[in-house]
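I've put the structures underneath this note.
Both complexes shown next keep chain A, but they swap its partner, so chain B is in the first and chain C is in the second.
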Partner chain A sequence: MTQVGGHHTERVRQRTHEGFLRHKGFRWAQIATLLCLVVVAVYFFVAARIAEPPSGGSWLGYILGTISAGLIVWLACLGVRKRVITAGHYSLKAWVSAHVYLGLSLVVLATLHTGFQFGWNVHTLAYALMMLVIASGALGIWAYATLPQRLHGNRGETTRKQMLEALESLDKQLHDLALPLDRAGAEVVRMSLEHTELSGSFWRRLTGSYGNCANTRALHRLKTLPVPADTRQAEAMEKIATVMEQKADVLGLARRQMQITAMLEGWLFVHIPATFALLAALTAHIVSVFTYW
Partner chain B sequence: MAQEFHLKLITQRAGGGDPIVRERTVEKSELSVGRATGNDIVLADLSVDLQHARMRLSGPGRVSIESVSGAPFDVGGKAVMGAELNAASRPVVRFGDFSLALEPGPDDESVGVTITRDDDEHHASPGVFSLQAKVFGRRNMAWVLGSGIFLLCLAIPMIFVLFLANPKIHPDRQWSTGALSTAHAFMQQDCKSCHTNAFVAVRDEACLTCHAAAADKAPEALANAKRLGSPFEPLLISEHADHAELLKATPLPPGLGAKANVMIQRAFNHPTDRCASCHIEHTKAKGGTAEAPASDKPKLVVVQTCESCHSELKMRLKTTELIDTPDWSKHPNFRPVVMTQPGPAPKFQRVALDTAPKERNGLIFPHRLHLDPKGGVARQAIGLGKAAGYGEALECADCHRRDKAGTNFVPIEMERDCGTCHSLAYARVDGQLRNLPHGDVNKVIATLAGRTVAAPGGSDRMRPGGIRPSAFSGAGASAYRATFSLGGACYDCHTISWSGDTVQLAPTKLATKYLPRGGFDHSVPEHGGPGESKRGGFKCADCHRAQTSDKSGDVLIPDLAKCGTCHGKTTAQIAAADDADCTTCHSFHKPGQSTPKPGHPPLRALRWTEATSRRAAGV
Partner chain C sequence: MSEVFKIAIIGSGPAGMSAAAHAAQKGISHVLLEKTDHLSDTIFRYQKGKHVMATPAVLVLRSDCEFDAGKREKILDQWNADVKAAGVNVRFKAEAKAITGDKGDFTIELTKGEPIRCENIVLAIGTQGNPNLMRCDGAALPHVQYQLDDPGEYTDEHIFVVGSGDAGIENALGLAADAAQGNTVTILNRSADFARAKKANVDNLMAARDAGRMTIMTETSPSLVEPGWITVETPQGSSRYKCDRIIARMGASPPRKFVEAAGLAFASDSPSAFPTLTPTFESSTKPGIYVIGALAGYPLIKHCMNQGYDVVEFISGTTDLEPADEPLLKEKLQGLPGRRSVSEWLEFLRSRVEILNGLSPLQMREFLLDSEVKAYKADEAIFIRNDQGSSLFGIADGSVKVEVDPSNPNITVPIGEGSIFGEVGLISGRKRGATIRAAEPTICIEIPRMAALKLMAQVPEARDTVNRITSERQVLQIFKSGLTPADISEVLATAEVMEIRPGQAIINEGDVSDDLYIIRSGSMIVEKNLGGKPVFMSYVPAGSYSGEMAMIERAPRVATVKAAIRSTVVKLPADPFRRLLARKPELAKRMYDEMKARREINAFIEEQKEEFGGAVDMYSSVANFLIKQGIGEATDVLLIDESLCVGCDNCEKACADSHDGLSRLNREAGTTFANIHVPTSCRHCEHPHCMSDCPPNAIRRGPDGEVFISDTCIGCGNCQRACPYGVIQMDKPPPPKPKLWEWMLFGKGPGPGQPDYEWRKKAAKSGAGAESPKLAIKCDMCSGKAGGPACVRACPTGAAIRVSPDAFLSVARIEKGAG
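This part shows the complex of A and B:
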């Protein structure tokens, strides 16, 4: 790392961009894969040899269960860990990398712990919640791996702040342009100014559906209005139409930005609550199993 | 003083700070209000009409406002088309975002109007790009879901388990890891019927509530099962051996993992010698389907093999009389239970078959004589004819009759099994034969008391129904002495001695089971049972060498090697080959019987009424 000039520049740049997925040459991916392979091999070796049907209550079941429960608690600690700033071997990146790969390995560990016995009970509830947490986490991995690129591609050189400023300035233009208009014209502009929702609800953001956007409706209504006799008003209306179209463009850009951001953050709205639900269900699972041993 | 309005326009700076204040005086008694630039008061708000209203001084300190566009304005929170206002009361009139506050001017003729615009301009912050949710925020949902599940799935059921004795609802049902077997399904709702103590693994006492086989506990066990609502009669279960001895005799299972497993379980108060260690509930049978997840009975899991306990048993259990059987090839030869001393208190002893043990059963019965195809017995049987059930030389089945199941034989009864040839008749009264009562010598003596020999002549061997002449032609005068003497009805089969004038019969007892610790199924075709046997299968005489036996004391069971002809062999060696599994002849709970086939007896046969009739039928 001392040689940064010349031919090494590109390599160094790549290295500094190494994300949590590729951390230390996929070290945690390798550890998790190895863990899964060992566990699968042991499971099928043991399951064929023990008389009882495979379940969480066999000795292998207890071992897998203990490892899985320990992993779940440790994985949940990422929320605590990320709020603490440290450096060195246990960097947050290393931690996240391990979180991702060990979390994925739980699919194998916990499934084998169940012995493929499922039912309508608290135990399968815990399993289902765990799978929900992992599935949402996988969505998060996909989001973090692909969406920042799309965010960047969407906004080009425009920053979010600039988008908002552009909207504000367009609104100001609309307002000023509409001042000479009669009531009908002013109503139309007010619709765009006062009723245009930039963001909208959770689902609207995620789906990016703004079909009844007030600005679009205003633009349509504007075009149906009779052309005023007054030339000043007529000119104003033409300009207003142009500005509304510009506003529609900026809104589209900002909303795509929001949609991508929503996808980037949306999985956490499942991942975090489901994790807490899982911790509760896991506690119920363990305590109940030993209550009715 | 002229009528005039003092206008004060206050504009907020965009970046904050002191507002800009512009003042002017309009020397008019009437002002126009609207959005158009030609108005006296220009309100640059799109909700205000181009020419919206007129404001007029209507008297000293009084202002009259009325709409000219037909659109209302707002006074004191009400939308109005016109208003008469007193400046002294400092009213506020609103047009769109603008508010016009009136106040008395420096003199009565003038009115001050302060025009301000509500600064409701909302500046979106870049934070708007982040995903927000008010009700379903991450933190809210996390706490609601987490604590909800904790309450519903753990806290509430736990309160029911620990503090409520007979609850109407069973929230702990959600803890069930799987359906119970059909046999136990009636307890599905009530976890505590088996899980009697929280955090303590199910103990045998819970199982024995309904399954105890001990004579003093069985009636109560059946009653308990009925009380708990079982649709089935529980199988009463005996221990393999005394439990304390079992514990001593049981080694740790083979294999390091299995040893560790047992030791860890014991350490955590989860012993492996419980009923529930082998009979597993809440699990579908291996290979069970989703449609039939539950098996009829709890899943049986063998945690210890027979060999593991029955190897080096003496080292762990000094008092045992059992011989080690580490595998089939080392199975000890049979040691039948033989009556070695007859009498009122007979003595039984296990004697090795190799030593040709003799039974002292008190009976004189030469099998050879009866089975000789060319002997007198055969002739008599032929003479009796098919109609009487004979017609050919005697076969085993002519005297040894199978029980209902066919696996064993019913005990020999003299009248039924011997009486066709061996007549007990002693007199003919009114053309009817009178028979001696069999089984009680005193009754025989009482029957014959006072009778003397008075017999017709004829052959010594009579057909059944005839009176044996020799019985009445003894040297003595009385029929009593004659009956128990050579030629008498009893003399042939019973060992008789005399003490003065008193007859003494040796006590008679026939073995019903030589091998009390193993089961043998005579109904198997290869074991001489009905049906077609595989090649190499046995008939009675192949195992029981009765044709060469002259003494009833001969123990006619075959040795273990005979079993080994087929058991432990391959079909390549003998067509009738079969396994040599311990369970073929022994079962865990009843070592003297072979292990029932899986699922036997079928659950439906255990329904109360069927079980009762099944037991009555002796099956």
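This part shows the complex of A and C:
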């Protein structure tokens, strides 16, 4: 033992068992709420003393605008924080918690920043994009809060790899069983083997619509085929029907898994591009404000 | 009359070959006997292209044969060339059957051909070349084989694989893998389950059976082998099957019978014991026979080759040969007070530290290579309470003081010269229980866990001493209260050390018994029957006691206490202990208070059970599930709350990105119960299975309790096979990835996380990477990273948590569940 004299490393361990929404007893929810309350109070305090509500160009508007823009940039940094694995202590959960609540608080902050002045211009575009980002984020909160149970309930202890392996092994069985079949029977098996699509486009995965799944069609066709006179062939047909049903079950499981995963990811397809659009619009908004001052 | 050789060397592995080469170089008449038709059968049997490593790196190679890390083929070619160049007199297919005679006139009988006569014998037969053989009639028929080099060789055969270990299963799977080969494969297992094999292998085996590719016969053993047929004994009786080939994989063991028949004595009856030897490798009971290499307890190639050189020097009369490890020891011992030479130090330590008394100078030398000797100033801390550490200390000079009361460092208990300390950490694997400081200028030898266990296996007196001291200290440490060894001598006199199987109860609810139990290693769970169902009450880790209620109150047992994993307990009879309590009111009060606290917890659970039965059932079943997953032997385990996990795999990516691009955890794999998922990831067991057989001793426990593999790993895969949880993988680091910003901005490289196989292959091809071997890889709990484990830090939703079992299996779970 080389570490003697009380120098043993005491590292921070995240041992508490709290989700990102309840992180540290809703710390960021409280901070965000407080921020909103303060901002609302100041706004109406100021608004009561002047004729027009404070616009983005007023001193209060500038303060709100600066805070909001800073928040937006910081919120967008979550994507970097998530991917840069540094050695020091940070908690991505804490970041996500802050991201969620501070992001929601932007609804108040940025709306007050606008002074309720909207029009067909880049300023309102930035605002609209921000609201789109927040709305998609809210969808994300819903997804993260409700879907994990379904995701894991669906798969049980089966991993993705095991599902693929199961399909492979069922296909292999189908292939071997089809050897004694006649041409018509072999065609049906080939349909299941060669034309079954596991996933498909994102939209397909999300909706889970595999109406004309080749395996299902093959199973239907198989059942319409006449029972062969040869007992070996008849036995093979029976077994094939069972294996195809098993395959249908595994396909269903894997597709439901992909559907839930797609739902967990789907909102990001709006959230992320909208964020980049927002950053661009925000830049245009700030540049134009200062250029045409 | 045949020639009488000066030296006959049996076994042509690295040790024997090196000895023969040196004898040839010195012009000594010699013969090298090899059982097979090629040199170094153990290395020869390595799979094709395996990278062989040369450790310990600091050790200088002293041999007439070359050896450097590299591919198996390259090394074997090199050795063949060296042996030829040296002019070694090698005899292939010469298997020694018996050794008779004495120094100066030995006769080695061979299974085939003329006996060999010689003056001295060097035994370098290792331990691998002796597979356990089938013992039924007909087992000697040529279609019974003990090795399978290429499963693709055999087609359309009825093959029986005998053996339920990994080797047997892998062979059976290999033979049945390709249906086109047309083999009919059956695996025979003497017992009912495949307990010795890795889970993955067993799963594959079951899958192969379910797919109809092979047959598994359990509780079955072969009883008769005939050409073309095998007869097996099944629980239903015996049956005869068609059989063209039998592959027997039933393990290997040191050829103890052969060695003992030659007149050599072993250090103990333990299967891991080695022959007793003098400093010149000569048997202490049979002069003229020298033992080197793995059979002498040195499994590493470099050690073996050096010993081959040394032993020939010794036989030819050199007495002042400086051992090859002398510079290492010199370096280790320099800076210590006293100006002793290496051999003086060895003798100093050996004679003064009680547990080392039984070692030979040769063992002592080897032992010191693994250990550290350190001088401490008065009052200097040797270790601090709650430090992680599993090493054992021996006091060679001076004395130390133990701070028995954490709140008052002035209360100390002395330990004197020749004694040991740190043994509780060694045996229980838990944190240090007390701070120990040097009482005066002191010299201690620190013995790492593996070396200490080896010592205890080799030297029975050392084992007894450690056990005796351990019981005494553990009792003192658990009950504290100012007890002295004299106070507890009566209790210890009748104490009994017991080994408990997993699931075995030491205390049964309702029984009338009143002994007290101390958990020395392993852990216990306490269950109580509530409403007809056993309900989990608490978890008792090693270093605690159980059974005090019945002892103090003389009432029947209120709960059942059973082992969560294989455990060792010390049973302290009630009567002497009650007398001790009567003498020591402070101890009585302490135990009474603790009992009250335990009773409150039990009462709380019982009360909750009535009101919130569901929450208690959940708590109980979650606890049982986790215990079943081996959490009982874990010290720190990664759990995933599936109600929070979104499946983003950021934990795996973070793991890969903080460890050379390889993830040490598989989130998706593993078992789940009630939202708690135990992913495939290291639990840092108290007594890590992986440590049990690591030739370079590369697996250690770090300062934060993490079990890690150091860079002296030689990639042998022993740890991977030993781990029952499948958390160790053999892999090599992927080529470096482009920087993260390059990926973010330009999409260069595979992005965060472990790069996929295709990318690695492509990148390895384009980059001029040096050949890097596959090494064992496992979680090191992000050792050395200030922020702690990356998997937990990088979880966006808080699903990933790391817990220790005693913290996690607490009643707090019920309060949460019920509230």
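In the analysis below, the second predicted complex is superposed on the first by the 270 of 293 C-alpha atoms of A that agree within 3 Å, B and C clash if a C-alpha of one lies under 4 Å from a C-alpha of the other, contacts with A are read in each partner's own complex, and residues count from 1 in each chain.
We take it that contacts are C-beta pairs under 8 Å (C-beta built on N, C-alpha and C of every residue); 3 or more make two chains touch, one makes a residue touch a chain.
From a predicted model like this one, the values you see are computed outputs, not experimental measurements.
K.L.:
What is the contact status of A:Val42 with respect to chain B (first) and chain C (second): first, second, both, or neither?
P.N.:
neither
K.L.:
State whether A:Gly19 touches chain B only (first), chain C only (second), both chains, or neither.
P.N.:
A:Gly19: touches chain C, not chain B.
K.L.:
Return first, second, both or neither, reflecting whether A:Leu225 touches chain B, chain C, both chains, or no partner chain.
P.N.:
Neither partner.
K.L.:
So, does A:Pro148 touch the first partner chain B, the second partner chain C, both, or neither?
P.N.:
After superposing on A, A:Pro148 lies in contact with chain C but is clear of chain B.
K.L.:
Which partner, once the models are overlaid, touches more of chain A's residues, chain C or chain B?
P.N.:
Counting contacted residues of chain A, the larger count belongs to B.
K.L.:
Examine A:Ala128 and indicate which partner it touches, taking first as chain B and second as chain C; both and neither are also allowed.
P.N.:
Neither partner.
K.L.:
For A:Ala138, is the partner it touches chain B (first), chain C (second), both, or none of the two (neither)?
P.N.:
Neither chain B nor chain C is touched by A:Ala138.
K.L.:
Please indicate which partner A:Val107 is in contact with in the superposed arrangement: first for chain B, second for chain C, both, or neither.
P.N.:
Neither partner.
K.L.:
Using the touch definition from the top, say if A:Ser91 reaches chain B (first), chain C (second), both or neither.
P.N.:
second
K.L.:
If you stack the two complexes on chain A, which partner ends up touching A:Thr261: first (chain B), second (chain C), both, or neither?
P.N.:
In the superposition, A:Thr261 touches chain B and chain C alike.
K.L.:
Share the list of chain A residues that count as touching for chain B in one structure and for chain C in the other.
P.N.:
Shared contact residues on chain A: 160-161, 176, 261.
K.L.:
Using the touch definition from the top, list the residues of chain B that touch chain A in their complex.
P.N.:
35-37, 44, 46-47, 49-50, 69, 71, 123-126, 128-133, 136, 138-139, 141-150, 153-154, 157-158, 161, 172, 174-179, 191, 195, 198-202, 257, 260-261, 264, 270, 280, 283-286, 299, 301-303
K.L.:
Of all residues in chain A, which touch chain B in the complex?
P.N.:
Touching chain B: residues 46, 51-53, 55-57, 59, 117, 119-123, 125, 160-161, 164, 167-168, 175-176, 178-183, 186-187, 189-190, 193, 198-199, 202, 205, 254, 257-258, 261-262, 265-266, 268-269, 272-277, 279-281, 283-284, 287-293 of chain A.
K.L.:
Please give the residue numbers of chain C that touch chain A in the complex, ascending.
P.N.:
179, 207, 211, 380-384, 386-389, 391, 446, 641-647, 650, 653-654, 657-658, 666, 668-672, 675, 677, 703-704, 740, 744, 751-752, 782, 784-790, 792-799, 801-803, 807
K.L.:
Given the complex with chain C, which residues does chain A contribute to the contact?
P.N.:
Listed in rising order, the residues are 1, 3-6, 8-9, 11-20, 23, 80, 82-93, 95-96, 143-144, 147-149, 151-152, 156-157, 159-161, 169, 173, 176, 261, 264.
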